[in-house]
């Protein structure tokens, strides 16, 4: 089912080459100022056009059709529509019978008995992340006290950003593609967000993040490296004389190996996690036509932020 | 909320040092033979007692109180209870005011206004994974066609299992602890399990796995390494002359860099994922009393299997 | 949250006088032929214009923007949009401060801190039932084996339909309004739909039906009258020599006082229930301007059918 | 699935003649004093033994096994167990092949492929309402500001309670049974409980109430009679000079034909609804052995209250 969240609930619909994609956000606080212009910055960050990204560009103008009245949210479901205009569906006709490696063509075709929309990946397309970014803008507005920051920290295994342009150009010339790693930090969260056991912050964030096409892994705080540390190295001690139940202003741990979460609940330190994106599946080298990103990970930091915001808005309500 | 799943639904309850912990499993297929003896093997794999594990041992006898009639499942909710017997609560009295590093003491105390049960971590205790293993046994019975196999592949950063006993002994002597990495493989799954976008196999498995206390990361297939590969290296090609919609017996990709999932749906190859566990938080070095595992990751492979089975049973229904 | 259903899931959005209202239906079977023309009959039955109904008429043209490809459902979320054109919002400006009796003005204003859209009832408007009828058309397509039939059996307390036109005219002249009772029958359902205890057929149908604005009661089979019968009168006996577990063709009870449900599960007899609608709240007599139905119950049978179909599609999946 | 509610969530398990029935309540506020003795009054009201009720009596002692620590709720899932002791299962052996009229025997047997527990109705038994009453006690504690009152207003069609004993005796002598109507009132609710459209107060209450075995109808406020009134009779006017958005103390309508709900949200007046119970299905006249209530409706008022409390606790969180 294409719905996520309990109290802040995001439902997406649409196909890459259909007339519209859209998103309905339920559980929005009433009274927040909201207009189309609020979406410009984040939608712009997701846009194609830069080095290493697809030449397919769209206007990506968000049309709010419900849930806003006189420039403020009403508390009723908020629906935002986007038109798909720049489509070249003829590129995709042959892929039902010859599924592309690394795409959903094969599995979707079997699951939906051959009735799925194959054009541009249909409902499985990365274009649906446009709706996610829009929902993320609404979530961030609700979490006005928190600061989200996601950025690429690796491209093609290179940590030095100065080396990325050459690597991207080289991959493009070879008709190949690169992956990358995004690190996301959220500051300013209250202590205690999350639910015990099944709905820890990590469970919910990872659930949402693995919905972004092309994610291969996620880790919090020290992550995989934590498994190679000793307890004495990985533990985050509390400040001395700490008495959590007594102080008016409880103090979080003094280090942050845990990435801001203890027992599945936020602990007052910044939430820190990293997401690994695979290299773009569609490569010219393998004879896949269409317009594609050399490294779609370049466009994902704002999507990762949006997913974190969607999860945290749900937990904060 | 302590419930997971839609069609195969697992709810857990209990505290580490309360009278009972238990699990209710809803959505169980009627007519499956099921008795207490079916739980022995997996519960045994989770048990303490081996090198590097806590000396706290329990009988862990599963009492089935509903959902089974004449030795077969009825289709009604199946509830299994376990007694807690070997408790030493006096160890934990001081931890409300002086929260232990790396535990839920601090965050739980704030979230529940100081009313949470602090004994042994209360509802946040790893002891609750006993209920998970029991639910996993039921899930595996339903997925009789699949083969689950999880094992430790690293302890304290060491890949060679022959080196583990010495490392464990050394850590124990230092009053310190170690982490580890578990790899889980599931073979025999049908093609097409999972849902597009929000409820991909990866989303659901990661959601469940991050519910296990102490998990720091998860990756599928090539995982984080995928972000350092080129598309031509990471893509899994299909067999030649592949026509997915036409064949009676669709063929999965010939390699498995993706870990058995395309577009969030199982593709017929083994599902492969790895889970990073942090070192045990309670260490003698830091003056934390109580009986603890030097490396609790040693006891987790069967828990990881159970989580995978719970998720896949839900998706398969 | 404006979502109903688990496996067949209906989400609605929009306001009476906003630019669009719409519905997203998730869980649609792939491969069903579906076009805008399939909605004409049911949308027409809901339309205004007849004696006793509002003079506000709309085109009510359904625009399918996702979930259909080449004239068939794809299995992805199906979204249908409707434009609101014939709006006269100036009628409603004064109602935030002077809430209309029998409407949501008062409660919605308090719940949403005065930010709800007040025009025409906003998101609480009966106009949203347009989206329900559309979702009902999709549900009925999936339940092709079942026959839905709802009709008015009382208007203003009159059982004789020949007396209704005079009663409606009289109420209109007095500036007053009438209520009515709708009876709905569903034939052809398989035995065993429904879930024990919380999700009985009656629980789910009543949940959905009370979502229609203006419903005051619902009863199944003999309904309230059953409480005045003896067990020997109300019980539905099974055919003689009945052996439910042995026969290939199990026989339902020979009478249908229960309205087609035993223990919350369909029993093979027609599902029969009745719904009481209050008289229209907006009456000229009380000085409420705007264009309103004298008896909105006249337009509800197709909405009741849609609600039953939505519930049964969810249970049948 | 045997779970109800989103934020206050009630899951039940057990069978009439199994070792235990029980209930898990999730979403309980931490810090409420709670002990076994708090359940005595409501469990006593449900008990058998009075004229017209079954001679099967049980201790019905509630065992709290999780979610309470030092006499106060912890915020973790609260599980309560009851033993079944006074069972006479041999009464029920023949009913799988010869299903009893008015029971779930027939439909459950087909739905669960003959594997359901047939003893005393198994999981479909009215005995499960014991767990509901227990959950209702917890819900009422959370809604300390509200007053719940349910009572029988009709037995066998008789409104005069003085006539009930004779009617009950007569039915018993005839080996027959009677039904009844329960009216429930809830005072003291805040304004604005409920959700627009799908999750109105009426939708949720009716959903819960139809989970009680033997319910045939429900109506709010004027109920079915509303459909026979004119708008000018049924509308509930607001006090003069009412300005809902401005006053610190908003005034509910001056009459209560609507039963305390406008637009699906509580309006500050008492919530009022009536529930019709069918006559007991098991009657000696038809040769059904076992110990049964002549009129089980006698025992239902406290169950109806519990259902209302469960729903309202969920909406109030």
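For reference, chains read A, B, C and D in written order, and residue numbers begin at 1 within each chain.
Note that in this section a residue touches a chain if its C-beta (ideal position, glycine included) is under 8 Å from a C-beta of that chain, and two chains touch if they have at least 3 such contacts.
None of these values were measured; they are calculated from a predicted model.
The minimum number of touch steps separating chain A from chain D is 1. Most remote chain with respect to chain C, judged by CA-atom centres, is B. With each centre defined as the average position of its C-alpha atoms, the distance from chain A to chain C rounds to 38 Å.
Each chain gets one centre point, the mean of its Cα atoms, and the points for chain A and chain B are 25 Å apart. Residue positions of chain B touching 2 or more other chains: 1-3, 12, 76, 111, 114, 123, 196. Listed in rising order, the residues of chain D touching chain C in the complex are 1-4, 12, 96-99, 101-111, 114, 121, 123-124, 128, 154, 156-157, 171, 174, 176-181, 191-192, 194-200, 202-204, 206-208, 210-211, 213, 215-224, 226-238, 242-246, 250, 253, 258-259, 262-267, 276-283, 285-286, 297. Taken together, the chain A residues at the contact with chain D in this complex read 6, 76, 196. The part of chain B that touches chain D in the complex is made up of residues 1-3, 7, 9, 11-15, 18-22, 24, 26-27, 30-31, 65-67, 69, 72-79, 81, 111-117, 119, 122-123.
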